[in-house]
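Here you go, one structure.
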């Protein structure tokens, strides 16, 4: 196993580096909002994670690269120690990008030493966690730099552009599910986050799930119908945000002279009606669903529908960093369930029955965030293919929009309840 | 039915009046925080509810008392029209208390006229809703004036004091429940809020529920053990509040010279260890449960445990307006499940499968608040006995503390999951 | 002297009472913004002033009415002790208005006992200060209740209405002043505030002062010319306020269907073009002056122009509580220099050379506010006639608008500078 | 003259470049608070100034480097157009440092072309203004990067360290000035800012000015005497800031284990008692003066004392970027009046009698800031020697501390007033 693990470690670390390569040094420093982080910080924090939770505990004689980094690059692990204030990450010009690359190299070399030997099962699990942790930060690296670039009036591009896919999306179909008890959560040997466990039973009333994602074209009809001006379509907390933040469309939509444009990682592009709508908040997803006479699926409905399907799709490996045109489903299975856009569910993020966070600092990884957030499922165009699975629970506050987050509709099947 | 309804209408209206009688005119004007309202506003808003949703639609020739009141006393019904800003309710010295009493009389007289005749089933349901609505505001009237009095360094008393109950609470027992599908929600003819419907099935893994409430004495041990200074006991969002608001104990606890005192509606009193702890937020309830090696019940577990039990307890009718000493349970049923204190559950407030809010403005009553809140169950010492039932879902944001909100523990039953 | 002082004490106390008489109990409780105070608080604070600084020190055997009032009704005297937070004054329903009246009576009776005997010169000066202090709060009582009433959609009236004066204001004339050294400040025996001393010399370059106040009609031309939309007319800090607060006209101006209306202490009234403009901030006064090709006078220019003139005018004693129609000046002296509206000067509020605040808590009366404020001169329609004089320095922050504050223009006389 | 002007232009531009050379690319991007700017922004904004006010108007055929820069690098000239929000300057990773250097080169080359020919007197004055403008930004570049480095837990150094000067400061002496009229303001041919004009007369009552600056040792005695905990020493607005911002010492002072350290542009250093105290706000300067039984000089007293003295001192040219040890005065003239630290005066920043800002956008340079600021005099260790003069008026809000701002005391001479 170590060899395989070592290989996976290397690959993940290399992907992080290669994702940062198109950026200028200046790009890696900026923090465009409190919940985003500079690229440089992502590079260092993922490294700190291995240093703190693996090397410092598991490699005899390991010397910490710079003790001050423990304060600078600890994200939120109170059990490890105090942290540099999150909204102040963009104030740190030092360590420089080059010094951070030196830090990465220092840790990578130590990890190589550690991975030549047999590692304990427990340490192996922590390394596995570190790999998955870095994959999560790869996604944040992309969404954070997209936010920074969109905050710059020059609207820089992260990668060369590409023609928008065209294809017209056909009307969505509903895939029906009967009522019944189903099993939810991770129950096999492979790696999963603690929040996916334990496996347990949930009763689902009959429901139907749309076979494809909501498109920009459909969402535009909502916008043009005055969706952002009708209080009765919105959750009360969402309506407050709409008014205070003056939302009029998804994040990164800009109305030019008549036409809508979209900020992408390839720069500004005309809005394509057949693309899945993206960068909406839970509030917007919920309001759209109400307007459309439907609702969001629960995370359990989503998981039941995804069970047994292959995790294929448009992931970070495609290098497109943008959702693909909404596809027509074949064979009565939902299309684009994995990749493209994270799908908001109507489920608040809460522990499963019997949930136990790990002991120690790593117990802070997931458990303490189980309030004030909603669950998203399925991964996005910025997610690693190896990172996602049907039981995977992502979570963000209901007003967050800077992730690749989209909408799949569900509805109740009436008459079938008892 | 009209007669019965008329009688119930009168009784509820009279209770509101009698709850306001101990207050000085000045007391009825103040608003001590944005989420509280002046007594005067409660008196008027409940009246506006009947005027707007019953008389204006159901009584031929009814003349609105004062058209400006529609703006002043509409709480949050966007479909009815714009509203005076909530945090500015305490700025309104006019209409005076006497004018508001005149408004109440005007509406009561019209309601009497309306209730002499047969009312349609639909109108009857709205009147029923108005009665229940007023009962909810009676509870708010008491909790809001308690907050106002506690904000005044003079710490005035709403009612004459009374010796604290003594009795020592014995160790709690756990009442075990097997796994299985159970029915949740309101499914009978009697009145219930829309958010309690439709009835549906939920699967519960095996769990145990404490047979009594957590006491002040138990909670004090948590406080003295440094519970408010240990990050690892708290949800992340809760820990932020603890630090920003410098929480060190439940709301209304004050540390004097060595001893803890409690602000009550009878003024300041020594803390009684055998009373149920009260005025805690969801965050505190959750942190306490974690410290105690337990967790909060879900709202479904709570409802399953309450099903079939009589709704007896210490309600507003007792005139005590304070929870009674925690009682030892007999016969393996949970004590004080109804009345005394609302019990925080670990369930975010979300719609039941198949939930449909009513059409029109009354659809704003419950549905639009289904995010960023947690469910509380069971009623409190400020709730009307006739108002509560096993399926009743109250909800407040996780940092709210000014309601009579307390804690009942639950825990998973291991080994019995599959 | 004691007799005269006693008589003046009584008269001032009675005026405060009579100013509060038209109010409902509810009106006396509300605080419509942090910088305003409830009527009840003014009634109590002025009483606390005499209790703390006179009776507690000067009357043997005096018993404090209620020790808790020292915390509640201390405004900002840190040397006396801590204070109830200013923005929370509107939360205090107790003591009730009746209890506050009891407090006033208690202190008045003690003052009567004290004033039957000879009082020391020093104590006499403090009583004098207390009288002037209460006159200042009488003015605040009126401006604060005006703000509260204007914040209420019902727009209640404090006193019965009265037809607006008509008379058309003729074009203003400029009264010229030569360059030279002049004496500034209070230098005679009678009472004055410490901030008016010591007398000293100031050099004035030649200037001209308008012989009358700026009218609503003139100010309306500024509004209609887009004055609130042209950045170049405004001080930078003022422009920030205009944009953030969305100012479009003076406080209390409301645009109805075409016509402008004004909130007054007699309720809503049509705007009268010949009245002096009122309820403008320093920023607005300064922007108007720039638009009009003039500037505001310095406080020294104002004082030089006022020296030797009789302090006659429209004061609180007129019972109008509103500025009178702008009068044409006769005999080349400025009209309405005293009364009607406080006149903003371009002078920041700073100490005179050699200024020494009194020792002890009363040193906090004026000295510590000598930053971030501008000086206003001349008194208003809410000022007592006996309270004002040519050397009197009032001061408010440059964005304050709720006082009766208006504009008199000045300009430089060119060519005469050296 | 053009030749001289060209030479001065080149020298100033080169100094800006050389000041930015010790910085890493990353350092030039960060903005550590809303009132500071990134180095990169200073480099571009000073360039934009010449492009907009000189080249665009004065050089035929000049092509703007990048039209978008007009939005990005306009600081506050509303007459030129809208601006990128000031607090968001640190979000701009693009243009990169290299692109900004290209921008500078583009403009420098065009300026060379323009300066080979004769320029009109008016254009010459604007170039002169641009040179002085860039000198002001050189100072901000240093103070802003100092703030950024001090915000970084790594406390980086901008330049290599240097031993602290030692020499013990002797007791200050008072230099007395008689009462009288004196001339204030700029009245000769050479360049000066509009706010220094017109020359005019001011009457000064007799005063004395300290012959040297207040030292860190003296200020430490104030700190240790509880100066930051005594409300009666502070202006009320200053006391609010002390409490809200929890000030306990000047900016950049840090208490280690027992000893005080200082953040400097050479990194952390032990506090030297004989250095002038620096990085204090007006509020602290004022409180210190009160504690010391003195006061701050007015800007007119300062100018009267400085009249005729040579502008020699520790300026940016010394390359020390830190105030020198407080020097004993010889020959009854104040030492270190120029350079080292800006000296807070007790004078709010207001226009001189007869002041007229220039027409057009350049009228926004100084005039619109004439409220809510206090005047500082004399330049600092970050000021160019050629930039300063006795009539120079710098200005900052009373709570600003990140400039090199220090204290010189003054006092009234009693008995001599009339």
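Side notes on the structure shown:
Every chain is named by a letter (A, B, C and D) in the order it is written, and numbering of its residues begins at 1.
We adopt the following convention: a residue touches a chain if its C-beta (ideal position, glycine included) is under 8 Å from a C-beta of that chain, and two chains touch if they have at least 3 such contacts.
Model, not experiment: these values are computed from the prediction.
Touching chain A and chain D together: no chain. Farthest chain from chain C, judged by C-alpha centroids: A. If each chain is reduced to the centroid of its CA atoms, chain A and chain C end up 59 Å from each other.
Mean C-alpha positions place chain C and chain D at a centre distance of 37 Å.
Contact with two or more other chains is made by no residue of chain C. Applying the touch criterion to all chain pairs gives A-B, A-D, B-C, C-D.
Across the complex, chain A meets chain B through its residues 76, 78-79, 179, 181, 198-203, 205, 207, 231-232, 234-239, 282-283, 286, 295, 346-348, 350-351, 353-354, 363-364, 368-372, 374, 398, 412, 414, 417-418.
On the chain A side of its complex with chain D, the touching residues are 24-32, 40, 68, 71-72, 84, 88, 90-97, 148-149, 151-154, 156.
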